[in-house]
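Next up: the structures, one after another.
You will see two complexes here that share chain A, one where it goes with chain B and one where it goes with chain C.
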Partner chain A sequence: MLKEIWAKLSPIGVVVLAIFLLWYLFAIVLNAPWAHDKAKRAGAELSFPQLVSDTWSQDKPKLPAPHQVAQELWKTVVMKKITSKRSLVFHGWITLSTTLLGFIFGTGLGILLAIGIVHNRAMDMSVMPWVIASQTIPILAIAPMIIVVLNAVGVSGLIPKATISMYLSFFPVVVGMVKGLRSPDAMQMDLLKTYNASRFELLWKLRLPNSMPYLFTSLKIAMAASLIGAIVAELPTGAVAGLGARLLAGSYYGQTIQIWSALISAAALAAVLVSLIGLMQRLTLKRMGMAA
Partner chain B sequence: MTSIVVSAKDLSLTFSTNDGPVNALKDVNLTIDKGEFVSFIGPSGCGKTTLLRVMADLEQPTAGSITINGVSPGEARRSRAYGYVFQSAGLYPWRTIAGNVKLPLEIMGYSKEQQQERIQQVLELVELSGFEKKFPWQLSGGMQQRASIARALAFDADILLMDEPFGALDEIVRDHLNEQLLALWARTEKTIGFVTHSIPEAVYLSTKIVVMSPRPGRITDVIESTLPKERPLEVRDSPEFLEIAARVREGLRAGHSDV
Partner chain C sequence: MTLVIIVLLVWLAAWWLNIRLAKLPNRRWIALLVPAIFGLTLLVIWEGVVRGLEVRAVLLPPPTAIAVAFYSKMPILWVDFVQTFVKGALSGYFIGCSAAFLTAVAVDRSPFLQKGLLPVGNFVAALPIIGMAPILVMWFGFDWHSKAAVVVVMVFFPMLVNSVQGLQSSEVMQRDLMRTYAAGYWQSLVKLRLPAAMPFIFNGLKICTTLALIGAIVAEFFGSPIKGMGFRISTEVGRLALDMVWAEITVAALAGSAFYGSVVLLERAVTFWHPSQRG
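And then the complex of A and B:
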């Protein structure tokens, strides 16, 4: 048992260790000029241990060392009350709620569009090019437009941000579900034809269940895209709250440690969300006898 | 009293492909009476599967006419006149065996009680009682194919169309299933259309053997079997059986020689 866990964890451990080593190394390299400047102004000469300890403990380093980010995370995740505007849990929750709402919108829209595309030749010809074109527009350019337009029609708050999340997350769902809904082979389609099944029964009893593996794969990508959408959406809304706001505020004031801790939180959030879907995928497909 | 179930007159089907038209079926004339067990045998490309698919309204003929129970194949399909068994079992992996048999019953609007009753009935018929709650992957290939036959029997179609249902199974399982199929045919008195490329299988099962040949796909011989309806496996060693088998083989060879 222990041996198995060790066998599973050790490769990950090695990679993590290597990342930390590189990270500390680059912190020295990148922050050294500033440390040298400071020493020169003070008329002092830095020994190597002094240089290392300085580059790992600057206030506004080019690249903060891992332990500095960890300290910041501890301070802002655990020590602050979650209602405080300085708490990363507070900001994380704002981003999470946008992400989830946008993800639900995006998944819904994606599945509906895919069903339309599979069932209607006109939609197949007309919608798909637009779906693809929509993703070639940089989200950073269109996000403020969405906020402005929705504000003009009186929608503000969570919905405009979730709309931007949806804009990114519906795409993988459409593409995956179109493929999934078309995945039943000719024989399975013929079988239902011999029963004189309606198109709805074909969809409900064959196409949808058969598309489940495709759906879950799409959902993982959609969830990650949705989080990116949520963070981007927080920038043009005045950077009031959310992990995106922390990133923007951090870059205004050169608070690199704050930026990195927000980045790490966003990454951790994405990892948790995506692995939750992975778990749902495993349970569902196992129950459906479709485990790969 | 016999009544005509399938009647085809000068039936032709031409597929247009990139390499030009392919005559899948050419001038096929055939009559199948109620209660017959008809095998279609021939080399691959002779149109035997296509002919079965035309009967099932899964392909459209390009010339000639065909009726099923006196109506067009399309109408017959819409009135759910036949059950179709494909080359592979094609069970839904996400449904149990009972769930798979239930599929046509759900679509055809049988009540819950009727569904349960019929599932028990047909699973017993194919000797799969007790496997209701199993999933397809828990069953052997032969059992899966039996489940798919049960699925085709579950509703009240008096025609059963089978497209090489045992083609992928080994000889021993195949023998066993052939025996069961004959027993099932005797009990249900259905009309069966059965595509195969095995001569012994065709002779053992059929009351009528339709020998076909390719390019263009056509019927070269129709053999009425003289074997009794009651057929133990040993019948395959009788001189009568061997005689019919020889005629089938001859028909197959004749079809080849005039290409």
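And then the complex of A and C:
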């Protein structure tokens, strides 16, 4: 058992370690010009250890070293009160609520569309090509307009941002659920027909349970897409609140450490959300007797 | 009000027509006609509702106004298109996808790296990479180079994961057969594993087309020269010239669909043997 886990984790560990090494190395290379520049103005010559320590501790480095980002994260996540505007928990919460709202809308819309598509041939033929086409449109480009327009109508706050998350997250759900709802084989469908099952019973007792593995796979993609939507949706609101706003504010003022810490917390948020769905998937499928 | 009623009637008529068409035996022209009617109906509803209810143009311009803006501002749209799509998205797409593909071929030789890179790659592919945009704009400057860099970073991991999976997709039996032919590494790569990987690689390429366009446009929100689709969208929104914004979106939609479509055509030509293409 232990040996199996080790065999699985050690390659991942090596890759992650390599990434960190490369990160430190790039930090030296990218920050070196500024360090040399500073030393020249001070009229000093930098030895190699001095150069390294300087590149890893600059105020506005081109690439902050991992420990600088970790320090900033510690400062803004743990040390600040969570109601403070400088707390990443505060900003993360705003992004999270947008993400979840958009995700719920998107999943609901996706499942409804999928049920319609599976049951109605005309809808399948007319809507499905447009659902696919809708994703070749870079919707994120429309994000600023949706925000501004909805604000002008008087809808503000979470809803406009969640709309963008919804648009990004409904697509994987539609595609996955259409596949899932069609996954029962002809034998099972025939069995229910011999029971004189109505279309609703067919949906509720056979199609929906059968589609669960597909649903969870698409939910994971939808969640990741929803978070991206939420972050981008925060950009045009003028960098007020949220992880996206932290990114934009950081890029205005050249606060690279702030950008990286916002980025890392967004990544952590994505990882937690996706693995939560993974956990739900395992529990549900186990109870339904469908665990792989 | 009459306009709205007419729109409702058109909608019902189109709906009825589509239901009748869907019941006809399967033909190619029906599969094209039904969605076309649906799309046209949407445009008519849009136009009718906007004009009928007198929605202000700063909220939602009617399709005809967008078409006029599209036609009259063609030169500006073309400049933006070249800047964002050709220079930013396309070059980034080619660099990113080929780098990911070469990495996948290199990784494929070592099972240890595969085991380590696949989970990490899957994880990174789910992250909001678009957040790298401000950093890359800072590193590579405001012009298209930074947009291409964002696209490279965005497409790299999805492409890598798909290529690595694809290169593993040939069966043990097939690989054994290659061994009995005394095929070397390169021969088995070119003659067995690359062709077997093609469906996966094209899946990755298709996913990356949308990512590339999104990356190039969103990166422009963080700083750009005074041209480019993302720049134009964000400034025209500020001036409330929504017809121009929608014209720009039309360009993006057309470019995105054409890009996706050409990759699909290429896929059909390359993986003609795959069951999903023969249907």
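Following the convention adopted for this analysis, the second predicted complex is superposed on the first by the 278 of 292 C-alpha atoms of A that agree within 3 Å, B and C clash if a C-alpha of one lies under 4 Å from a C-alpha of the other, contacts with A are read in each partner's own complex, and residues count from 1 in each chain.
Heads up, the rule we're going with is that contacts are C-beta pairs under 8 Å (C-beta built on N, C-alpha and C of every residue); 3 or more make two chains touch, one makes a residue touch a chain.
What you see is a predicted model, and the numbers here were worked out from it, not measured in a lab.
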item	value
Overlay on chain A: chain C relative to chain B, clash or fit	fit
Partner chain(s) touched by A:276 [first = chain B, second = chain C, both, neither]	neither
Contact breadth on chain A, by residue count: chain C or chain B	C
Which superposed partner A:224 touches (first chain B, second chain C, both, neither)	second
Partner chain(s) touched by A:288 [first = chain B, second = chain C, both, neither]	first
Cα-centre angle that chain B and chain C span when viewed from chain A, reported as a multiple of 10 degrees	80
First, second, both or neither for A:194, with chain B first and chain C second	first
Contacts of A:12 with chain B and chain C, given as first, second, both or neither	second
Closest approach of chain C to chain B (Cα atoms, Å)	13
Set intersection of chain A contacts, chain C complex versus chain B complex	none
Residue ranges of chain C touching chain A (in the complex, touch as defined)	15, 18-19, 21-23, 30-31, 34-35, 37-39, 58-60, 112-117, 119-120, 123, 126-128, 130-135, 137-139, 209-210, 213-214, 217-218, 221-223, 229-230, 233-234, 237, 240, 242, 245, 248-249, 252-253, 256-257, 259-260
Partner chain C, residues of chain A touching it in the complex	8, 11-16, 19, 30, 62, 121-122, 124-130, 133, 135-142, 144-145, 148-149, 152-153, 220-221, 224, 227-228, 231-232, 235-236, 243-244, 247-248, 250-251, 254, 256, 259-260, 262-263, 266-267, 270-271, 274
In the complex, chain A residues that touch chain B	187-188, 190-197, 201, 205-206, 209, 212, 288-290
Footprint of chain A on chain B - complex, ascending	56-58, 77-78, 80, 82-84, 86-88, 90, 92-94, 103-104, 106-108, 135-137
